[in-house]
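Both complexes shown next keep chain A, but they swap its partner, so chain B is in the first and chain C is in the second.
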Partner chain A sequence: MVMEKRFIAAQQVLHTNGRNGSAGIIESLRANGLASFISAGFPLPREEQWKYTPVRKWLRDDFQFTGTSDPGDVQLPELISSTKDYTVVCVNGVFKPELSRLPGSELAITVTSLQAALHDEPDLISGYLRRTNPGAENPFLSLNMAFLSDGLYIHILADTILDKPLYITDIVMGPELFFHQPRILIVAENRSQATIIELRDRAGHRGAAHNAGIFENTVTQIHVSASSNIDYYHVYDRGAGARLVRTLNVYQERDTTFSTNEVTLSGSLVRKNLNFLPDGEGCQTQLNGFYLAGSGMHVDIHTLVDHAEPHCNSKELFKGIIDNNATAVFNGRVLVRQDAQQTNAYQSNRNVLLSKSAHMYSKPELEIYADDVKCSHGATTGQLDDEALFYLRSRGISFPTARRMLLEAFVSDVCALIRVEELRLNVEERVSTALAGMHIKLLSDGR
Partner chain B sequence: MSNSDTKYLRSVEAGEYEYGFVTDIEADNAPPGLDESTVRFISAKKDEPEWLLKWRLRALRRWETLQKESAYPNWAHLTHPEINFQDIIYYSAPIQRPALDSLDEVDPQIIETFNRLGIPLEEQKRLSGVAVDVIMDSVSVTTTFKKELAEKGVIFCSFSEAVQEHPDLIKKYLGSVVPYTDNFYATLNSAVFSDGSFCYIPPGVRCPMELSTYFRINEAGTGQFERTLIIADEGSYVSYLEGCTAPQRDENQLHAAVVEIIAMKGAEVKYSTIQNWYPGTPEGKGGVFNFVTKRGICQGDHAKISWTQLETGSAITWKYPSVILKGNHSVGEFYSVAFTKGRQQADTGTKMIHLGNNTRSTIISKGISGGFSQNVYRGLVKIAPGAENARNFSQCDSMLLGDRCGAHTFPYLEINNPTAQVEHEATTSKVGEDQIFYCRQRGISEIDAIKLIVNGFCRDILSQLPMEFAVEAQKLLAIELESSVG
Partner chain C sequence: MLEITDLHVCVEDGGTEILKGLSLSVKAGEVHAIMGPNGSGKSTLASVLAGRSGYEVTSGSVVYKGVDLFELEADERAREGIFLAFQYPVELPGVSMSNFLRQAVNSVRKHRGEDKLSAMEFLKMMKDRAALVGLDPSLKQRAVNEGFSGGEKKRNEIFQLAMLEPTLAILDETDSGLDIDALRIVSEGVNGLRRPDRSFLIITHYQRLLNHITPDFVHVLVDGRIVQSGSKDLALKLEEQGYDWLKEESVESVN
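Showing the complex of A and B:
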């Protein structure tokens, strides 16, 4: 409990002073979060969900919980400054309209700070914030709630079709050991349609290499109302040393389509809890993603698709490349409840290990209580195909190039699922850079 | 699925246990409960050497600590009432006349029991050429074909006999694969195991016949704690069969067996099981609680261990026959069919632990669930950092026969070497309507169609069973599906 005590004390210092005025609802949310965090504590290695990720190892630092209040000169990620699409920029989790490029008033979409939204519609917003998918509870979610102060709220009104993708980026500016806990809430009303990209990359304060010590505990909640279609992407590339625990809770009403593509490129710890609850008939859920676990990285992807209603489809594809001293964990759980007849659920996890000191722990789970379903999963782990390498080498391609080509090809099908071309090209570039940075030891001698 | 189909499946799910009857044989019981005196009682009954008693007591102490900490394995997808370990009778032996030279001297009631099970001992002896080490309530009653096996140097006897006659082997290998600290139930077994089978195949010997043991739980409220040890020395081969049925009883019977297999260089052990213990009433009352630890080790290069199981009985099955692939080029196999109906719960699978280079493992698991049953495949494939070129293929298919049952797959794949190639696939579906339709079109009745489809679904596994066993397995599966339909 020593570790937890520091967080609890910090929470008290930060938030007890502000207990006055209209902040009643935030206070009660925080109190709830704190109470469940105190009762749960940080996960222990013996907990099944954290079996391969001894998360306490990354929590030992003496964290600080407040960012720089006056960020001054902010350096936007290249993709954000170059794109012609909509952008929403946050600094330390707080929405900055002056840095953002929002859709005009002809589109019925509201982008605002969570604090403002809570002030305007306290019951509605706090209702959303309190909602957790069953089985998706975890101490980090509670911790995030305990520290709730502000965040981003995007409200897409009924029948709105966003004509261009919307990029969300969060720039972190703070002390070296900054424990950052942003929160994003997206509500898409009936029959709306949008493409949303959440980009967490290494850009920040000019000249400062401060990402190395940060620990982000992010929560993104997406509520997809009936007949809506949300295309969502998450790109994580904060740089070496950065730590992330991410919770994504997606709630789908009937006849909705939701897809996500989760790109993980750097960081010392990346743990994702991706939870999907298609809670109405006719839902389509797609989860794709890949992780490049470079030297020393620890990537842990936990997904849960909870099929509670009939006639839904889910499809999941995750691929990974794991380098020296890196560990990757994939735990994909598909739950088909008793009434979820006519469910089709597919899941696939494929991995390439590049080194003897690379570790892969894959655990694809099917838990099925309905009989009229088609469910399957597959998981493979291996190394690059010798014959493919030989083929390329026999055509005069050097070994490192051949290897890189094959690795790029390995993840290219997941990249190809990114429907925003600008983003896809950007991700592909990041992949090339990351792969070039992997100083892979030759697998067998003599090559 | 049509109405009649559903009706048929319902009746299958409700199928009653065919072999429920109790043989009334006087038994020499230990008082219920477990403490040091129980262990000493069992050990004294067996006239065991001091070191074995000490080993049992060490296990008992460990178990008492575990129980104090409530360290029951509770990770499995199972729900059952708490077991009161002090209510269990840990030792019960059928009273019998001493010295048995022929079958005539065996208690006629025991013979009768087997006759009613459809396994006449004489038939077994005369026709099938299978040596049967009959276990009834923890004590070996009779052993057949011993002489013929002795000529080859094969030792096949009850565990207690082996303790007396081959103490060196027991001392060397007991607990070497499943140490007494392994898990809660293995620890319990180590403290109180009553009897079991022992088998040793000398170097280079191909065991001339299939070795078979019939297990049977008889005395009410008696826990069965069998201990089996199989040692296949260099270059030897043995096929070992284990099959069982149990009488219908109301109280839950606890069964916590341990099986250890050691395969030396170039040896091959094929272990086949049919498990058809009393599954409880359709309402979930009674039934056997089966918590088993089975593990083999491929000690030397080119060794092979193969597990084949057909699980149809028990209220609760908790069983993970595993292979430690230590020798280079060693092979591990696991073939399993688990059929659950009524309120049965099965959490079963395997562990393949690759330590040596060029080791290979194959896992084929088929789960069929009906009624309100829960059927889980849980498996581990672990590739150690030093295991070069390890290869694993796993396939886990589930079939659902009703809309109130569950079929689950929880594979753990832990890969720590880049040269490994590990593949896992799993599918879940119901009996295809189109498949039934196809059969119906060709004049096959719905019942036969379902049998055909289920049999086809399990074919890969059943074909792994030795001949006589395969026939029995197919019959059993048909009975399970058919039972009350007639």
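Showing the complex of A and C:
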């Protein structure tokens, strides 16, 4: 518990009870979070869920837990500055309305700080915050709760159709070894529709190098009420050295459609716990994504789709490119409970290794207790096709260009699933940049 | 243009010897047909000239435009004007024809010291050259060879040849899998691309392609060696009599 003690001590210093006695509900949430964290502790290597991600390795630094209080000049990500769509800007996880471009009052949507929301509707909001999908509990979720002070709350009221995509971005400004724990809660009421993008990129106060020491433990909760449709995207590109443990909990009521596209482009550790509970009939759940694991990266995608109700479909496609000494893990768990008849679940994970020392651990985990279902999965890990490379080269295209073209093509079908064109173009550009940084020779030594 | 001298080639890592002392001289503007029975080494010759991996040159030389060909990587050879029309064109899902060709054409042009084509010039060039082989111009949006019929794939090879304007075009069994109409279209495309400074090496199993494309020379490859060379009439003789009489001669000459 030595490692945990530092975190617990920091929590006590920051949030000593009574310091802010009025906000009793936050205190109680924090206390619950702390208690669960203490009883669980950080994952040990022997735990199945963390078998290939010895996460303690990335937790040894002497972290600081508070960001810069006066951000001064904030450098927004390029995409956020240039887009004409809605933007919600947070700094160190705290909502900054003055930096945001919010929907007008004609649209029934509330964007506010979590603190304000907890103040206005303590029971309702804390109820959402406490909710965790079964099987989605993990110590990082508890730790995030233990440090809860603020966050972002987006409330889309019934029958609201958001006319433009809404970008959320969180700019990190703090000490070099900043342990950052933001929380986002999105509640979409009945029959609402929205496209929401969570962008965590390298822009900030002092430029790219600034993020090299950060560790983010983020939690995003999305509650999708009946007959709603949420199109969600997560783009992670904090730059070299940055660490991320992300928990996404999606709760779907009946007849809802939820899709996410998870793009991972940089960072030294990226661990995602993506949890989906279609908890009503007629739900559609789509999980797509790709990861480009360059030198020194460790990417671990854990997904859990928990089919508890009949007549739901889930479709999952993750692709990865793993270079040099990088490691990637994909663990796709699909649980079809006894009552979830007529479930249609499909999962696919495809990977390309660019070097002999790159590692990929891919594990589909289908647990099926219903008898009238259609479930399938496929996992492949290989290298670029020599004949395809030769074909390109025989047309005069140099080896590095040929390889880049094939790798871009490999993830192009996942990119094509990004329905926001501006975002798709931005992501494709990031992909080109990331791939250009992969210099390592192929297994076939390039001939 | 191309001087092959006593070329010996094995499958990589000490595998079987396939070419066993092949010599051939091709001058600028000439059309040479290489015929031969299955397994005689025709496609290996095409592969080795284009730079496909998996083969080992154990002895002999290939000089192309005064340069040792084996000093060049596959992409360098292509930029120097060697073009291989594949027997089995490769499907490249996710790579659009226009992106593929723009990269290829600009690589070759850059090497020749020519300017990049503008988007307009490039599109016009694509349209004109696609028409040569009767390919639908809408193909530029499609992924390379993906979902193309067998005939379309072969026509696509000749289309690429037209785009890249090589000095030595090697056609590896371009006629295989083509119906009579497609064969005519492809042949007309090739005939339209003949130039005084462009040579062709046409590898084929059957004589029928040579009804449409008239070669200057016909060579017969048997067991890794050219055992007979002649005019286009040799192809007709092969069509009538098959390869067996040559195989016997080949054995006799060895003995």
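Everything that follows uses one rule, which is that the second predicted complex is superposed on the first by the 436 of 447 C-alpha atoms of A that agree within 3 Å, B and C clash if a C-alpha of one lies under 4 Å from a C-alpha of the other, contacts with A are read in each partner's own complex, and residues count from 1 in each chain.
Convention: a contact is a pair of C-beta atoms (placed from the backbone, for glycine too) under 8 Å apart; a residue touches a chain by one contact, two chains touch by 3 or more.
Predicted model, so just to flag it, every value in this text is computed and none were measured.
On the superposed chain A, the two partners chain B and chain C both fit, without a clash.
When the shared chain is aligned, no partner comes close enough to touch A:E47: not chain B, not chain C.
Contacts of A:E281 after superposition: neither chain B nor chain C is touched. Once chain A of one complex is fitted onto chain A of the other, the partner contacts of A:E121 are absent, as it touches neither chain B nor chain C.
By the touch criterion defined above, A:G378 reaches chain B but does not reach chain C.
In the superposition on chain A, A:Y361 makes contact with chain B only, while chain C stays out of contact range. The larger set of touched chain A residues comes from B, when the choice is between chain B and chain C. Judged by the touch definition given at the top, the superposed model places A:D61 against neither chain B nor chain C. Figure legend note: chain B and chain C, brought together by superposition on chain A, show a least Cα distance of 14 Å.
In the superposition on chain A, the residues of chain A contacted by chain B and by chain C do not overlap at all.
Those residues of chain A whose C-beta lies close enough to touch chain B in the complex are 48, 338, 341, 351, 353-383, 443. By the touch criterion given at the top, residues 385-388, 390-399, 401-402, 405-406, 408-410, 412-413, 444, 447 of chain A touch chain C in their complex. Of all the residues in chain B, the ones that touch chain A in their complex are 75, 385, 398, 400-430. Residues 50-53, 73-75, 77-79, 83-84, 86, 89-90, 92-95, 99-100, 103-104, 107-108, 111, 143, 160, 164 of chain C touch chain A in their complex.
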